[in-house]
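Below: one structure in structure tokens.
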């Protein structure tokens, strides 16, 4: 690719510290299937963020796998998931949850976030016992598919609603890093551990080669969880590869440093674009930016940068999506900013 | 139950002719698993309505079973169903389709009927290959969950849209009888055979003890269909019970006679209720009637009749649902009509 | 069929008392989905046999459906079933259990019966956590696929082994009637209720049109069981049809009277065949008889009777299988006996 | 681990060339989801071994995932797999295949290898249409679970039997490398491509961090295969990680060089052990060695080396399993050999 890509947050390999750790440990023999020293170390490091409690943690290669394993492990076959209609499991996982036998009850939302009222509504309209699947698990993601983030008050409210209705709260953290280091964030990993039953921490979009850490604060749900990891194809022989990467990510705050960089680049772009006289179709909450630009400018930008044209705004304008990451090159950000500014001057 | 029930169309046993046939044939030995003479005879009788063609037909005990078997037989695991958000498989089958591994893509509709534009919209918003389940089967029911029926033009249009987009069209006919004998109907069984890939004819709501006939005009879809009937628990040892009932239903037009009675009773009620000065929340298309009545009247009627209070209209009025059937006693209809009239006189 | 069939125990309709009851109650309106008076009555009658305790009972149309619902309701997805390699769920249900996602661990047995040592062996060879599915449910049937029956001592031993190993014991009673009225039987329904977690009583092979009663003595397993009945397509709208038949079957001991007849006919055949100088390939324990006969005789018998040629014994002899039932006509039994005798005389 | 491990072939990281390639390409931006340059290059390199034909190839993280995706993609729900009772999918994948809804029909074998007669027998005993799941896919692995390998003649015979019976032949190649470089081998990758419908090449046990390459010579089976990879959680965002590793493995014959080393170490051990006067419980065909040793010696060896005690031979002897790999240190092999020799001298 000769253009610089703002398409996603997984276009590069991994943070160099991870490569170095792989090289350092490469020929050390380790026990297989997640019983290696590095996985143990990674678990310990993550638990420190959760208040030091001994909380079950498992590592798997990818996010869809994490969602499959969690759902099929904790639900009986008549139990259903409640999710926003924009949820990753609803529209970006090829029916993976349904393929394990479970219905997803979808709720339309404005900004990708579920509210307690959405849950109450879903419960009310799915109460015709036993003709309807029984809602049992609430799925949210933070950041959401559209880059919005939950506040502590919002998550507390959701947690209360779930507990009151005997629902499990599961948080998909594919982009948890950018959520926790966003400007508007007031949540910590510890909060999330206290407010959810299961959540997972995304490595892939935060600087690892691959890998997500499934954390199960509601310990009863961890019972025989390993069987499900193996049954769904998620048990890597060389679990060390996952453990070592998370060890690096949670040593000296690398995880937060990397996702803070993604957010900083997103903010720099947002501010500059606004200053240049353009509006954003949605406020920038994490590492996704949705500028509304003239189609003529978009066409020129496409020659140098990769990004998605998100939706048509009017005859002459469209919304584009720019994604920043742990690897985003600030020079390319500056270049994009000046191209946007220059375009203006040239037009006028 | 001391009240007379207008709750549903399956509160009684079966048409007496069916009981008589059961008694007549009871001790005749027959081959098991649907290979009996009566099932053969029923297939022949139904095929006569389909233009005399030799079309594969299978009998199963219930409607959810029919939908499960059809879906799991014809779809690969990555393929999804498109259905109205009010569809029976969506809201009244406890996630049965998802339990076989398939996603249902739901479309909001006004009157329970899918239009070609709904299908096109569902295709457009589920095209992100391979991150989205692939739409492959369109599920409709006639009559729909809310009692509306498809016209021939509508079904032709749907059929064309499906063919154009390589989609299978499946029609759930739990209440096909009342649809085909409704006042507004211009479809025949033959039309339905020509316009759908698979459809099923509901016996349970048309005067049998139980049983539905799955018809597969798109013969390639019948390949190894028996395996799926058996695998999903639908292969009755005494298949004769299903075959014999459908033989009776399709002898001398009993099926149409019985569902015509249901419609006639519905119309009688509709006309009388309207004449008495009340409005219907929806036009009566088949055997479901939705009168909007004063709550005070509803309370009195509930003392003598069984029916569902469907939804609140305003502080003092609600919509109720009355269902008529092959077994509806005209005297009880007359009684209900006069109770509604009397109540009026008394109030004035 | 002009031949008289000894092929199976489901070639006829149902016991006349059931038809009479259907006629008597036909137009009485009843609540749907198993909440009718007859189902309540049948539950009460069956519970009386279980020591008067209030034990959850559900009715479904067929045996495969019963096995599907039980398994998918009580197991988590990583849990497996232990069964004899001749078990009905293993070789006669088209992979129905696997289709709900569960592995069956099979054990070779001599006579279709599982012993405690079989279970212990299966546990030992499936203990590689978490690389192997976890054994959790032991499936047996009584009578077995090959007509053998469990003694009380055997079932007690199995029950103890299951409890000690945290395994659920499920008994498929498709032919429970002939087992409980067999000569060698010392079990009662009450014993079975005390020794198993779930069992079901077969109606289809004991004189009903269809229907099996699922009994759940381990009440915790009945929690939300209805959802699974509905999800797997087993919830008949006119549940009355099932309830009424079981009411008849358990009124005045009809169930036991009918299956006793089947056993008596089997014994009569066994004794006569042995007296005529032929051997049985297996002792007759219930309603299946396996005579070893000359092929020349078999050929002649096939002209008048329907039965399966079970296996080749040597060049000139084969084992055939004769099945008797509640409906077996004693005159036909006598005729068959005399044909066997006559053939002897004629040959000599 | 202070002991040197002969436990398995996945105790180390990866071949250093792979680490170097990861470092070299780390910050190059690449398209996600397997559409990167490295995956394209790896496909090209593998195809060169398949006779230059353009054969569909997909990369996934692990072997169980590969088996899940293949099976659920190519089978309809009533179709079953035939496998040796020692097969990995039978006893080491926690019921993963069954969890996708498919039955496995197992066949007892002596040495882990399926023969045509096994397949014919499985077909014959599963032919009771439609009461039995329909055999449709034959699963073998090369090398097998117990280290044996298929000859070309054997694979040709299997292939013919499968074609004649309309069965798909799938080869699990978790240890394909050691099979293809074994002394007794006469198969090439090209042969395997011609004789199977789908096979996969294991990277994990041949020197990668993780990853297996699914090759689909029967191209019709590749249709919409991507959906299944995604649906089962196998589509890595950074597919580059898989592509790059297979590019290295298939550049300059690294794959064969590494697995040849594993075999050479196994042979060295086998020869030395035999020379020292001990027998092998099974001939060494690839990288697994099964020496029968005195328990007293085993106890001493366990102090320095990791390995499994496979089974008891008699009161004083047991069979142990030693596994060699691409990473096996020859010095440790020599050390083990001399420890075995020394023990002898000391004892005598």
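Some observations on this one:
Here the chain labels run A, B, C and D in written order, and each chain numbers its own residues starting at 1.
In this section, a contact is a pair of C-beta atoms (placed from the backbone, for glycine too) under 8 Å apart; a residue touches a chain by one contact, two chains touch by 3 or more.
Since the model is a prediction, treat every value here as computed from it, not as a measurement.
In summary, the interface at A-B recurs among the listed pairs C-D, B-D or A-C; the equivalent pair, sharing over half of its contacts by residue number, is C-D.
Centre-to-centre, using mean CA coordinates, subunit C is 43 Å away from subunit D. Computed from the mean C-alpha positions, the centre of subunit A lies at a distance of 52 Å from the centre of subunit C.
Inter-chain spacing, taken between the CA centroids of subunit B and subunit C, is 34 Å. In subunit B, the residues that touch at least two other chains are 72, 77-78, 93-95, 99-101, 130-131, 133, 227, 230-231, 235. In terms of which chains touch, the assembly is arranged so that all chains touch all other chains.
Here subunit D touches subunit C in the complex through residues 77-78, 80, 91-95, 98-104, 106, 126, 128, 130-133, going by the rule given at the top.
The touching residues of subunit D, when paired with subunit B in their complex, are 72-73, 76-78, 100-101, 129-131, 133-134, 224, 226-231, 235. Looking at the complex, you find that subunit C touches subunit B at residues 1, 4-5, 7-8, 10-14, 16, 19, 22-23, 25-32, 61-62, 64-69, 72, 93-96, 99-100, 204-205, 209-210, 227, 230-238, 240-241, 327.
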